[in-house]
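One chain, chain A, appears in both complexes that follow, with chain B as partner in the first and chain C in the second.
Moving on to the complex of A and B:
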């Protein structure tokens, strides 16, 4: 057991070091792709709390990308707040909205939950589409990146943006790791495995589900903030249920219920999309095939595949 | 006002054609078939092809649903059935059908392009008639008639025939039906086929009124999913009244409260979920 632990720590250290020096080795296009992986990684980590750890599959998580992205846009552009106030304010608002949506959604489970989250995301899509104040169907543009010139850095420089994203990503990863290792995280897994038994043990599972819904929504919204910081633009299409499906694909391809699975899934997604959109415009065809292949062949996702191979090697 | 109500009923009938298949598939398998919207689009495209080749709309109305029914049956027999037997849970199956939806959109885009297609109205139904003093297109009345007729046939079939009784038994308690010697695989394949055929019928019948494009199934699918939840999963009555509620709400808000258009249906959904979590006509699932 202990050598597995050392191996894991070593792997994480190597990956961390690799990520930290990435901007010095890669060209601007590649740096941009890695930034995208981190942004969607945060989104998928949030979704994984519901899908992977608690066993509640949401088909509406793109709404949180929208809540975070539009939230940051509204605070900085419409209200003219500085970025260091806008980010915490967006996080607090996202948490509040996630909590309210969660109150309704957690009343159902399984397929009902699936459809309720889809309905809420369509509702949010409609809201973004219709509200002229945030650009309506044209989307909201001109959202500037955080001004960190007091550090003598220019955020519009790809390496600097990379550094900013890296820090944000590392914070999310650390927080998620702490939550998963905490008793709270254990209760979530318990709910996934057998909710009735958890209730019989005296846990008020509804409160746990509401808490994890709020946490998941907040983290994914933070992904939305990062996304809008990267692109400077928010369109209602970001909230479409296609995006929610792509989020699910990241979680499942990477490996639901593991800490790094969603990040690996996000990497696979970003790289595949970048590679495929270059050679074909039938991205949806491939996207669909990945879903089918994942369900039919590897249920544990890439992480499941890797640990299966490792178990086989050790035997 | 009367025209709006007729339009609403017409939309309701379309939604019903999809929702009825969804609700029975869900009722028996606890599986949400997200590819149902794709079967609807597939029906519409097949309709376009048949009209192009033969010039007969009536033929399209018969051939397209039959072909799609075969597709739906095969989907259950060769994909969903075996995977469920190998222990994939309901959500994994939902994701599978989600993938199938994307694949079908991709295939339709490759074969027909992203352009909007359409079917010309058959001459016999091109005109309008007077309905209580307002002039209303014959074709839209035809859609309403087809919807009501389908509802009647299905309800008679389910309530009065032995096969219908088998379907009801499967919805009520699938393991018990199996242990009584019923071949539930066949019941399921049949339900899948009929449900898919009805979705395709919806697609063909709407092709002269709406445009035909690869993503056409998505918005109708979402409305039908909402109907299934509002009506109660697995309930025929629920899917009929649910369709009327959703269709009326959607159409009437569009004409009288346009600022509420994209929200009203969801507000109803949330209200129903808060007061009756199992839907208006649904019952809590059997726990074994």
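Moving on to the complex of A and C:
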């Protein structure tokens, strides 16, 4: 336990310093990749609350990327709200939608939960695909980035966008860290390991599951907001079950049920994909092999591997 | 005052009658045993009383309040706690963490999302106290998985005690333990505060007769005898159904 803690603090310090310096040493393409890691990192952090901490495996989490992305698009493009009002409004709406979807989904567990979340995400996919108002199958384009010219900054400059994303990412990571350390976070682990025991102790586990579903959906939706700020474009494909599956890969490969696991998983996913596409057309094959090997050999994902190495070095 | 009153309780699983017209009551502070051969319906009775199963008919009162059909979580608030036949502690967490989680359930702040859980002194104090009391103070920081089997059973009882129960249901607390471990558990159970009413399922007759002062005997879902320790010992019906003819 203390090994993991030391490792976490060390990793955060190194990664934080590294991330802060990144835009000064990397080229624009590389800065863009790190931004992508942070965006998918936020998405995966949200998913990890359900999958890693509570043991509820969702195969529909990409719908929240869509809810956040389209939400921000609707508020800024269709309703013409300023970005500083649109972001909180999108967060509040995502929380409300997550809560409502959660009410239905948490009634089941295991495969049932898996299927219910998949069904909802397909529903959302269909909705995005068919609704002409948000561009239908063409997707929604022309979503502008937050205008922060009052600070004398141009967000279309990669370094500035990087700074914006870095702050958003750091906030999510901080929130996630607090929740994991809170009594609530411990109850989630209890539910994952033995829900029956938690109920016998007097915990109303259904409320906890609904709360964590809402939290998870809201964080992942915020990832969707960041994604659309980065790309300026939202496609129904973002809500597909394949994206949900990729989210699961990030969480599991990085290390489910750990603070940094999903971020490391997102980094592995984004960087491997970027590296492999440059080398071969069959990059999916190698990406898949990497994921299979990680899951087979490193129980606990890359974070599990790292803390295993730490423990071994200390001995 | 009666701690637990069960009236004409029946429960069926499909065509199988697991409990039929079960009636018994125990006074406050009692040490009561539920006895009977395997499949007699003892665990089902505990499950119905503690809210895991709904009875088909009948009534349950805990400290003179009707609790029939109340869910598990609400019954904990009425002062009922139970242990399980199989160890239910969370293996990855330490003994202290397990006990904190258990103690926090009935204290304020257990759903707090923001505050560091280490800053809550009360659950930690109570957990440490319970651990000392249940003989787990030396293994406080060991993970529950690494405990000896006997210690795991002690932890199982300790977890139930964290809910500060008035009525404690123990489902085979000593199941699978070695004679040495059983002796230790027996002493721990005997040392529970006398105002807690205890209902215990246990197959070890020596332990039962040492700890409990009264008993109810079930066979095929029906009460075949109940009474004080000595009544039960003498009852020929009990000897035939449960203890076997050799004891007669």
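In this section, the second predicted complex is superposed on the first by the 296 of 315 C-alpha atoms of A that agree within 3 Å, B and C clash if a C-alpha of one lies under 4 Å from a C-alpha of the other, contacts with A are read in each partner's own complex, and residues count from 1 in each chain.
As a working rule, a contact is a pair of C-beta atoms (placed from the backbone, for glycine too) under 8 Å apart; a residue touches a chain by one contact, two chains touch by 3 or more.
Since the structure is predicted, the reported quantities are computational estimates derived from the model, not experimental observations.
> With the two complexes superposed on chain A, say which partner A:126 touches: chain B (first), chain C (second), both, or neither.
In the superposed model, A:126 contacts chain B only, not chain C.
> Which partner does A:28 contact after superposing on A: first (chain B), second (chain C), both, neither?
So A:28 meets neither chain B nor chain C here.
> First (chain B), second (chain C), both or neither: which does A:116 touch?
first
> So, does A:138 touch the first partner chain B, the second partner chain C, both, or neither?
Touch partners of A:138: none, neither chain B nor chain C.
> On the A-aligned overlay, A:290 touches which partner chain: chain B = first, chain C = second, or both, or neither?
It touches chain B, and chain C stays clear.
> Per the contact definition in the header, classify A:147: touching chain B only (first), chain C only (second), both, or neither.
Touch status of A:147: no partner.
> With both structures placed on chain A, which of the two partners, chain B or chain C, ends up touching more residues of chain A?
When the residues of chain A touched by each partner are counted, B comes out ahead.
> Where on chain A does chain B make contact in their complex?
Listed in rising order, the residues of chain A that touch chain B are 57, 59, 104, 107-108, 110-112, 114-116, 118-120, 122-123, 125-127, 129-130, 241, 245, 248, 252, 282-292, 294-296, 299.
> For a test of understanding, state which residues of chain B touch chain A in their complex under the given definition.
Within the complex, chain B contacts chain A at residues 26, 30-32, 83, 88, 90-96, 98-107, 109-110, 218, 222, 225-226, 228-229, 233, 259, 261-263, 266, 269-270, 273-274, 277.
> Across the complex, what residues on chain A touch chain C?
1, 178-179, 181-187, 189-190, 193-194, 196-204, 207-208, 211, 215
> Note which residues of chain C are touching chain A in the complex, please.
Going through chain C, the ones touching chain A are 50, 72-73, 76-77, 81-82, 84, 88-94, 97, 100-102, 104-106, 109-118, 120, 159-160, 162-163.
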